[in-house]
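Look at the two complexes coming up: chain A is in both, with chain B in one and chain C in the other.
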Partner chain A sequence: MRNPTFFAAAIGAAAAVFIVAALIGNDYLFFAGYTVVQYIVLAAAWNMLGGYCGYVNFGTAAFFALGAYTTVFFHKAYPLPIPVLLVIAAGVSGLVGLGTGYLTLRLRGAFFSIATLALAVVLQTFVVNWDYVGGSRGAYVIRPDSVDVFGFQLDYVRYLSLIMLLLAAVSVAISRAIERSKLGYGFATIRDDELAAEASGVPTLRLKLIATTLSGALMGMAGAPFPYYIGYVEPASTFGLTYAVNAIAMPLIGGTTVWFGPLIGSILLGTLTQIATVTISSAVNLLLVGLLLVGFVIVAPNGLVGLIREFLRAASPGRPDVRSIGLVAVASYGFIVGVLEVVFSLAALTAPDATGLMLAFAGLVLACLWIVSAYGMMTLQRWSPLMATIAFALSIVVGAIHIWADRTAFNISLWGAGGAVAIVSLWFLQRRYVQQLYRPKLTELEVAA
Partner chain B sequence: MDFSADLLVNALVAGLLLGGFYAAVTVGISISFGILDIVNIAHPAFIIVGSYVAYIINSRFGIDPILVGVIALPAFYALGAATYQLYHVSFERRGQEGLRGLAFFFGLLFITEVVLILVFGVDYRYVSAPYIDKSYTFGLLQLPMRMVVPCVMSLLMLALLQLFLGRTFIGRAIMAVAQDQGALRLMAADPIKIKRIAFAISIATCALGGAFLIIIQPVEPSIGRDYIGRVFAICVLGGLGSLPGTLIGAILLGIVESFTATFYGPSWAPAVSFGLLLLTLAVRPAGLLGR
Partner chain C sequence: MSALLQVSGLGKRFGGFVALDGIDLEVAEGERLGLIGPNGSGKSTLVNCLCGTLANEHGTVTFEGRVLNGMPAHTRTRLGLARSFQLPRPFGSMSVADNLKVPLLYAVDRRAHGHLTAAQTEERCEELLRLVGLVDCARKFPRDLTQVDMRKLELARAMAAEPKLLIADEAMAGLSHSEVSDIVALLIRLNERGTTVILIEHIMRAVMHFSQRLVVLVSGRKIADGKPEEVIRDPEVERAYLGQ
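The block that comes next holds the complex of A and B.
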């Protein structure tokens, strides 16, 4: 797909998501969805420098907060419409990115990372000491009830969500365009071997500065509508590590080298953290993000996309066949359900009654089985089909207990659907052509070697 | 702004004492980042863990926090060795120190902070020891013992480490790892083992550094973040991998911070380290005593 076509498609997708959400008409959906979409922008922005060039930016919060505080400043000085604020925030954050990059990017990569980490602390110090934007007390930003968009009266949170969706579409389209351009190849040479790139005449410093500025500007744009969304901004949470760790975790979990890696990562992790914040607590949810980040960089260094790509390369060289696509589907299902199971089991651990506790522990065990077997299936481990079979069989039992314990229509349909998927997956996993993949004959082993 | 001799002298002395303490929290980074080239961003998190260990044992058994730090040394050494092993197997051997190694340490920093918040909450914790509330006055000069004791102890620790690195076989091997791993292997020394020992020592210093920290000020989990800028600023300012450089850098930062806090207000102090770091990187990236 050519870039303009993709750009139009991305905008169309964003509009479609907005229309579907508006038809559902739940206010909470918009409130939670905004955060997820905001992370799509942050993750895509981080990946332009981190994933494409290999330079780690720990200062996502700094750039994000710069955007947010630009809005706070103009809210007090001279209220402007949000699209204008987006442009100003992009300018401010982009310039700060350029400055930080210019001072540190000529040195080893580690110095840039440390500088970005310290940048958050310093900007926070400035904001704390700047009374005009609220200082350490924070600032209230009262949002209007509704806004007039081309003659439509639109609820303000929905308006902000629409803007964020469009911004997400733009940033994903930009990352894709970069990836396939001369600029993207330049970035990739920096990531792979900067010295060799420099020697071959790639203007590395200029490319790195472009990446830093672009990435910083997008992060600032993501932050600009934030004060209107949240209503109250204070330095400690706006500059908090949460943004930094999420913006790093999402691309690394999704996959850093392709544009859809951060997209997948941010949708998955963003949704997960929203669920975890509601069902457990925001502290546990942060712990979950940290553990997932560390787990993924150790076990699956190339993220979910890398895991699936390597699997497809090994399982069906050439074109993906039904078997490999089916296995990817089963493993993805297992992984997602496993992670959700962890969240809900942790939430249920706080339940006082014995049945709840037992179910929670069963859920945790099941979740471990699921995640490990999904990983095993993607890395062609011999034991994984058996383990997945056990997990699916157990899930039917657990689902039956759930339905028996609480016979609501919601529970029956949820666990019933889970059971149906489990039965289909069990049937699929027992097929001989699936089993063969995990027990290669000697000749196949030799071919692989 | 009052500019009296009284303030000036006390700010200078406070800065010197603070600098001595900063040297203790930075020396671990000087070893891991300066000598081994491992960008251990999680170092301040280990220091906070050290503080909480000192807090728990001190509040439960009333043992002196510095003594707790000394007792905890082997445990922190083991923790460091385990961390290095994980880092080596997952990142160094695959050649992925750059992006993923950094993310790994960042994740560790984050996990430690969140776990501490979940377990202890965000309350400030402090220790009790007979010397913490004492202060001696010589004319204009005030010497609070809660600053003097950590400063003296950290200078002692620094001297011991310098002796160890310069005079013992393992210490010299650690210095050699920084220069040429291949040559070290030719001398029949295993560079991985040497690096593991060195990294473990760098984490072990956190047990003492954490104890000093909680003597000087009350500690809460997210305080470690302020120290990231400081330790790396000192490490770069002094020159990577040089312990005397670390001491000089630490004392410089201590004095500058103390003057900023005295004459502009303490809320500006965190920005000083970053300014110093940027200035060093822009003007002389090799640091004062850089090789």
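The block that comes next holds the complex of A and C.
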């Protein structure tokens, strides 16, 4: 797809999501959805420098807060409409990005990351001591009830969500455009080998400055509507570790080298943390993110996208075919449901009665089985089909026990669906043409026999 | 023949160690120059100073009448001064074909003032792959290549910048007899198309076959410069190589 077409499609998708959400009509959906979409922007922005160029930025919160405090400043000095604030925040954060980049990009690896962390500390100290924007006690930003958009009266939270959705569409489109352009090639050479890049005529310093500026500007834009959304901003949380950690974890879990990696990662992780906030507590968020991050770094260092690509390369060296894509679909389902199951089981653990504990335990076992079988299916070269089959077969047994222990109508239908998927997966795994995907392993076994 | 590259009084030290000590060197357009010297004699440091990877402390490097001092490496590549690395440094996340596209996009296209179309880039990339014999590997990743192919890729990437002067830094180390001949033939073919080549090499057979002129570096000094047959009979060169 050409860039303008993709851009139009992305905007269209954003508008469609908004319309569907508006038809559902739940205010909480907008409130939670805003955070998820905000992370799409942050993850895409982080990935331009961290994923494409290989420079790990720990200062996401600094750029985000810069955008937020630009809004606070103008809210007090001269209230402006949000789209204008977005442009100003982009300018301010972009300039700071450029300046930081110029000062720090001669540092490599961990030293660059430490410098970005220092930037966050410096900016936070600056804001804490700046009384006009509230200092350390914070500032209230009262949002209007509704806003007039082309003659429509729109609820303000919905209006902010719409803006954030459009911003997400723009940042994803920019990521994709960069990836397929000359600039994208240049960024990748910086990530791979800067010395060789220079020798091939790539002006590395200039490209890195472009990346920091662009990345900083988008992070600032993500932060600009934030004060209106949250109503009260104070330095400690606006500069919080959560933004930095999430902005790194999301692209890493999704996959850093392609534009849809951060998109997948942020939707998955963003939704997960929102669910965990409601069902368990907001403090568990970061723990979940941390555990997933550690898991992925060990098991799939190139993220979900890397895992799937590796699988497709191993399973069908030519073009991806129906059976391998079918396996990917089944594995992804097992993985996502497994992760969600962990979250819901943890929620059950917060109310510890005998049935609850047993349900939670069964749920955790089931979740592990699903995740493990999903992983097993994705790494065919190392796993025999037997292992994935056993994992799925066990999940049916555990699922049945689960239903028996907790016989409410809702759970029966839920677990019934899960069991059905496990049975279909089992049948699928035993098909001859799927078994052939494991051929290297099978022939090895035959030779041994 | 006019001098394409002129080096005068080039000096570089690392702390107290003098790596290059007043090197004077001229390379004429269209020449095939061999550069030899024992390990640690400063050959790679010289290449790094010529190409801008390291900054020289004394002396000047002049390329086509332009003084290069202080100029970053990528600008030198764009001017037409390309090098290959002693240990291949491919872009690991890109396919072989994409590796070659980088200099085409960033050096050649720049020289053509952005007039290089996507089709032309593909075409030149294809041509280069054919020239070095990597057509079958175009879609492979560098990690899947053999050592020979990796060295060919390294050389091809330097060639892709369409340089006026190509510096091949030990492009043949560790290769077999016939593979060395392949690469020497490739470099000679490149030279016949008008590219000046400096070959840095330990394999004497290759150097003697390739070079029109031979320069010897020992401990950061140039001790000989002349016709290959005469240079290797020079008593000072014999002493440096064989010891006495």
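Methods note: the second predicted complex is superposed on the first by the 401 of 449 C-alpha atoms of A that agree within 3 Å, B and C clash if a C-alpha of one lies under 4 Å from a C-alpha of the other, contacts with A are read in each partner's own complex, and residues count from 1 in each chain.
Please note the rule applied: contacts are C-beta pairs under 8 Å (C-beta built on N, C-alpha and C of every residue); 3 or more make two chains touch, one makes a residue touch a chain.
Worth saying up front: this structure is predicted, and the values here are computed from it rather than measured.
A.B. asks: On chain A, do chain B and chain C fit together or clash when superposed?
C.D. replies: In the superposition, chain B and chain C stay clear of each other.
A.B. asks: Of chain B and chain C, which one contacts the greater number of residues in chain A?
C.D. replies: Of chain B and chain C, B contacts more residues of chain A.
A.B. asks: Taking the superposition as given, does A:Val284 touch the first partner, chain B, the second, chain C, both, or neither?
C.D. replies: A:Val284: touches chain B, not chain C.
A.B. asks: Which partner chains sit in contact with A:Thr204 here, chain B, chain C, both or neither? Use first/second/both/neither.
C.D. replies: Once the two structures are laid over each other on A, A:Thr204 reaches chain C alone.
A.B. asks: Touching A:Thr257 in the superposition: chain B (first), chain C (second), both, neither?
C.D. replies: After superposing on A, A:Thr257 lies in contact with chain C but is clear of chain B.
A.B. asks: Applying the touch criterion given at the start, work out whether A:Ala300 contacts chain B, chain C, both or neither, answering first, second, both or neither.
C.D. replies: neither
A.B. asks: With the two structures laid over each other on chain A, which partner does A:Val121 touch: chain B (first), chain C (second), both, or neither?
C.D. replies: A:Val121: touches chain B, not chain C.
A.B. asks: A:Ala110 contacts which: chain B (first), chain C (second), both, neither?
C.D. replies: In the superposed model, A:Ala110 contacts chain B only, not chain C.
A.B. asks: Using the superposition on chain A described above, determine whether A:Lys182 touches chain B (first), chain C (second), both, or neither.
C.D. replies: second
A.B. asks: Looking at the overlay, does A:Asp193 come into contact with chain B only (first), chain C only (second), both, or neither?
C.D. replies: In the superposed model, A:Asp193 contacts chain C only, not chain B.
A.B. asks: After superposition on the shared chain, which partner residues are touched by A:Ala168: those of chain B (first), chain C (second), both, or neither?
C.D. replies: neither
A.B. asks: With chain A at the apex, figure out the C-alpha centre angle toward chain B and chain C and round it to a multiple of 10 degrees.
C.D. replies: It works out to roughly 70 degrees.
A.B. asks: Report, in whole Å, the shortest distance between any C-alpha atom of chain B and any C-alpha atom of chain C after the two complexes are superposed.
C.D. replies: Between chain B and chain C, the minimum C-alpha distance equals 9 Å.
A.B. asks: Where on chain A do the contacts from chain B and from chain C line up?
C.D. replies: In chain A, nothing is touched by chain B and also by chain C.
A.B. asks: With touch defined as at the start, can you tell me which chain A residues reach chain C in the complex?
C.D. replies: Residues in contact with chain C: 182, 185-186, 188-189, 191-193, 195-205, 257.
A.B. asks: Mind listing the chain A positions that touch chain B in their complex?
C.D. replies: Listed in rising order, the residues are 50, 54, 56, 58, 103-104, 107, 109-111, 113-115, 117-119, 121-122, 124-126, 128-129, 136, 241, 244-245, 248-249, 252, 256, 283-284, 286-287, 289-291, 293-294, 297-298, 301.
A.B. asks: Name, in rising order, each residue of chain B that touches chain A in their complex.
C.D. replies: Touching chain A: residues 33, 39, 41, 86, 90-91, 94, 96, 98-100, 102-104, 106-108, 110-111, 113-115, 117-118, 222, 225-226, 228-229, 232-233, 236, 265, 267-268, 270-271, 273-275, 277-278, 281-282, 285 of chain B.
A.B. asks: Touching residues of chain C toward chain A in the complex: what are they?
C.D. replies: 51-53, 72-75, 77-78, 82-83, 85, 89-94, 98, 101-103, 105-107, 109-110, 157-158, 160-161
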